[in-house]
Amino acid sequence: MQGPLIESLARQGVSRRTFLKYCATLASMMALPPAAGLAMAEAMAAARRPSVIWLPFQECTGCTESITRSHSPTLEGMIFDMISLDYQETLMAAAGHQAEEALHAAMKANHGKYLLIVDGSIPLGQDGAYSCIGGRSNLEILKEAAQGAAAIIAVGTCAAYGGIPKARPNPTGAVSVSDIVKDKPIVNIPGCPPVPVVMTGVLAHYLTFGSLPDLDDKGRPRAFFGETIHDRCYRRPFYDQGKFAKTFDDKGARRGWCLFELGCKGPVTHNACATAKWNGGTSWPVESGHGCLGCSEPDFWDAGDFYKALSVPAHPPTSVVAASVVGATAGAAAGFANRAKKNAARKARQPITVADLEK
Amino acid sequence: MNELQFLTWVRGPGLDIAVGIFLLGTVWRLFEIYTLGRRKDLAAPRRAAGASGLHTVFRRSLPPHGMLKRAPVSYIGGYIFHIGLAVIVFLGAPHIMLIANLTGLSWPGLPAQFIGLATVMTMAAMLAMLVDRINKPAKRFLSTFEDWFVWAVTFLPVLTGWLAVQHLLLPYTTMLALHILSVEILLIALPFTKLFHVFTLFGSRWHNGSANARKGVPV
Amino acid sequence: MTLDVIPIHVVPRHTGAALPGEPGLSGNAPPLLRELAEQVRHLLETGEPSAIDLSALPLTPADLDWLREKLGSGEIAVTLQAGGESTLDETACAGVWWVTHRNEQGAVASQFIEVAFVPELVKAHPADVAIGRERLEFMVSDL
Amino acid sequence: MSASLEKVTQTLKEVIDAPIASYFESCVHCGLCAEACLFYTETGDPKYTPIHKLEPLRRVYEQEFTLLGRLKKLVGLSRPISDDELDQWQELVYDSCTLCGRCSLVCPVGNDIVYMVRKFREGMAVSGHVPEGIRSAAKRTVETGGPMGLKWPAVANVLRKAGEATGVTIPVDQEGADYLVLLSSMEIVNYPEYIEALAKIFNKAKISFTVASDAFEATNAGIQIGSSDLAKVIVSRIVDAAERLKVKYVLSPECGHAYMAIRWEGPNLIGRPFTFEVVHVLELLDELRQKGVLKMKGKLKDPLILHDPCQIVRRGGVLQAPDALIRQVAENYIPIADQQKWNWCCGGGGGASAIHTEEAEALRARVFQIKKRQIEEAGVGTMVTFCANCRITMEEGLDHYEMNTKLLGLTELLAEHLED
């Protein structure tokens, strides 16, 4: 499957116009100027496929599912044709020693040029024994693979920020890719799972412009993570009007009012769900009536109850009774001491006479 | 610590600490103040004090005779910022949620735009009060570090809340966390600064009102 | 089991009355007409096409309806079947095209106003034309 | 700590109570009390802000009764009070505070500031941080019976003359009389007309009254100086006389602080309720007016305004009587804007008029401007009042500004127009 992308797409029955249209939409989603769609299409159509190595660590394969197994064949899946996916455990036919050989061959052949995609966190506990492939720890594999990579794409919240494995009490000592690799450009595409179009957007950008897209302070492409779910939410007008669903089956819920009070984490979650949507544009969590869980943010699992509004305490204040009792006791003690002091002053006092008026 | 962890901390342990200190301090100080007691007035009253203490509690909320003209900034600014704070705290949807969560009591709120307007007016009034404190000789003369500190501690929750909602200066998550943190600082400072007048003003007005009512003077 | 078995009651979004509180005009649409006028002038002077990405702008559905109505409809309406339906409609202002891309599920994927003599997507690419020629020559040689 | 400071702290510890604690905790430093104080409004000097006059008291409260204050004192954030400081505060607590109580009326958090000044003076008095003028007045009152050193033979002489002038004999030490009449030295010396007026009115109303030879003096310099112990000595004379003579009422003269001392402080000073009632002369007159006993003839034509003495009206609660009475005898009575409980002090109350230092007198003249403005704004040539101390202070003020405004006492004015 060598040769320009457009040819392989054509073989699969994808016309040039379909591709152009897709690129226009992709450019729009990445907040690139409309003309970039055409440029992107031309660049990608003619691009040579870069070698890509995909390493799965402590993960659930949900990210792979999200990106490769949409319910009907889509361009997200097909775009993988523009890369040479040399190692992907879930997808590759090879197994065992064969697979390991393929990995090493690809790393050697494309040293310094391949893209490394990682999903899953890396456990550090017990010398990394919690997750090993072919007898080698994830940490060891990552370090080796990272050395020859041109850039690393951390797909999913686990790879980007540690994700669910890192949730308290973090039994495996899970960390993110960026906790380990410090000397390579890393793009984080968080989400549990991440929005597929973000992945293709980043690849398209890399192929078109030869560089990684603009990233925010958490290593996420600004084009997709620049705004919060709340900012782009179609239910936002209800928030502004103060109309909230109070339960999942009340009048407000049926009318599609804001889910803030039901614990929606949209206001603090940066992701593209509200615009890119899921399942080929069918819907997304808030549209289907459930608040955002905030899955694309670091440590979202430990950020308080999923069903508690952001403005309420993460848990009921535990100090109320104790503080009141201690306060009352301390206050009463101070009160007694003060009364005693006043009484002592009264007893000790000598009535004053005119003579006392002199200094 | 990233901003979501920061937010989680201020919503959890931070709030616990602040509410704890606030309650402890408030209960303790109320005891400390009101257990000092007072001597019974033995003079025959002109008329029974009755509910005069309560009358004074309400009457003192209005500018006394001729005073509005003498200190317009203090009164108008004071009204706007006290009422503004009450509107924001008790009628802003996220705040009602908080109260409902803590007490189980809930009521309808006002639209976000209205709360936004109230916030801007409150901040303007507070700035005017600050300028007045700097300009007016008596006020400036009385001012100590505590006065400037308390002004800032009161202003910051309003400012950070507004910045968070308007998405200004810092990302929403950070601003929201700062907003909650600033409220926690306010809670901690309240029992130990002049902010404690939110409680003692009732006692003070009551004492003044009932003592003078015995003489027959409505104050 | 097919989807029909599941008792889902689908309420089309735009047939009923507008949802209470649905945002009306935001005031962001009128400036776009000015921008379009500038782009059309540029097209006439240099021949370079340009476009406005409607999904990237803070426009409410009411804004889009207003724009659409203002621009009116022209003589050409192109329908493209490529990975879902796309429509490229000329507006009453020649050279201004209203372009809507839908995906396979029929949802709007992106929406543009293009300023061009002919939208890029409508033109056949030389490489595709070359393939067409090959096919034709093959047909001719077969005659 | 010096012995005198020890005494100050001791005394203040005793007087600080829950209201004072609540007041200090409530203060938000808004400065509005300054706007109600004539010493601030007329001088613009912020040191005269009422709450500032209590700063040493506040620190004693904070350092003695709050945990935080004790901590602050320990680490040096809150200075202990010093003799120098009290010296400095003497001017603020005596010269520039007349205990008029206007500040207590405007404080938005409801602080009764004048209540605190009165308590603070207790501490100032025990350590001798008091102005010479008030000190000697207090001494004379305790030692000789009155602030001016007046003795009974002289008083008896004045009473006899008044009796001759009116044809009404003034009973002395008569047991079983309804009213025990108190006088102030100032009235005896400067305004004997008051005594004549009173005799005429009692006679007309057919009310029995008496004067006590050992308790004729109503004024109480112990209250002004701020010493409850001395004030108790002085007030006890009246209580003893009233109980010995078995009177139903004790009649306080016009004098403001005398009324305050006997009516409101008296029972608290001796530690038990009185067995008699204390009545201010205007209350009695208004009651007689309402009963129809007090009939007037002819009215004064001159346009005039009323000066409401602080201790009788705002601090004493005699709110309605003065207005009703003045309307009986004045045709052109002009109510002023700041009247009744909102009146402005003459500038000499609370003992201030007894301080005769150059600075104190200059200050009194300065703050008299507020009365001057009131007179000028009303455009009148006559002002009526019902407190001998206000009258003397204002006469000094009028002299200072060379105004020819006439000052009249309300009771005398009424007596002049009494129907025979």
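Residue numbering begins at 1 within each chain, and the chains themselves are lettered A, B, C and D in the order written.
To be clear about the criterion, contacts are C-beta pairs under 8 Å (C-beta built on N, C-alpha and C of every residue); 3 or more make two chains touch, one makes a residue touch a chain.
Quantities reported herein were computed from a predicted structural model and do not represent experimental measurements.
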One chain's C-alpha mean falls closest to the whole-protein C-alpha mean, and that chain is B
Where centres are the averaged C-alpha coordinates, which chain has the largest centre distance to chain A?
D
Using the stated contact rule, I'd like to know whether A-D or A-C comes out ahead in C-beta pair count.
A-C
Geometric centre distance via CA averages, chain C-chain B, whole Å
56
Counting only Cα atoms for the centres, state how far chain A is from chain D in Å.
77
Chain A-chain C separation of Cα centroids, rounded to whole Å:
33
Need the CA-centroid distance for the pair chain B / chain D, whole Å please.
38
Per-residue overlap in chain C, given as positions that touch at least 2 other chains:
none
Could you say which residues in chain B touch two or more other chains, in rising order?
28-29, 32, 35-37
Interface hub residues of chain D, defined as touching at least two other chains:
16, 65-67
Could you tell me which shape the graph of touching chains takes: line, ring, star, complete or other?
other
Contact pairs between chains, per stated definition:
A-B, A-C, A-D, B-D
Chain C residues touching chain A in their complex are 19-23, 50-53, 55-56, 80, 82-83, 86, 101, 103-105, 107-110, 112, 114, 120-121, 125, 127-128
Could you pull out which chain D residues touch chain A in their complex?
4, 10-11, 13-14, 16, 64-67, 125-130, 135, 138-139, 142-143, 225, 227, 229-230
List the residues on chain D that touch chain B in their complex, please.
16-23, 25-32, 34-36, 40, 44, 46-47, 49, 51-52, 65-68, 104-112, 115, 263-268, 271-274, 277, 314-319, 337-338, 341-342
Partner chain C, residues of chain A touching it in the complex
6, 14-18, 20-22, 24-25, 27-29, 31, 33-35, 38, 72, 74-75, 237-238, 241, 243, 255-256, 275, 277, 280-282
Chain D contact footprint on chain A (complex, rising order):
330, 334, 338, 341-342, 345-346, 348-349, 351-354, 356-359
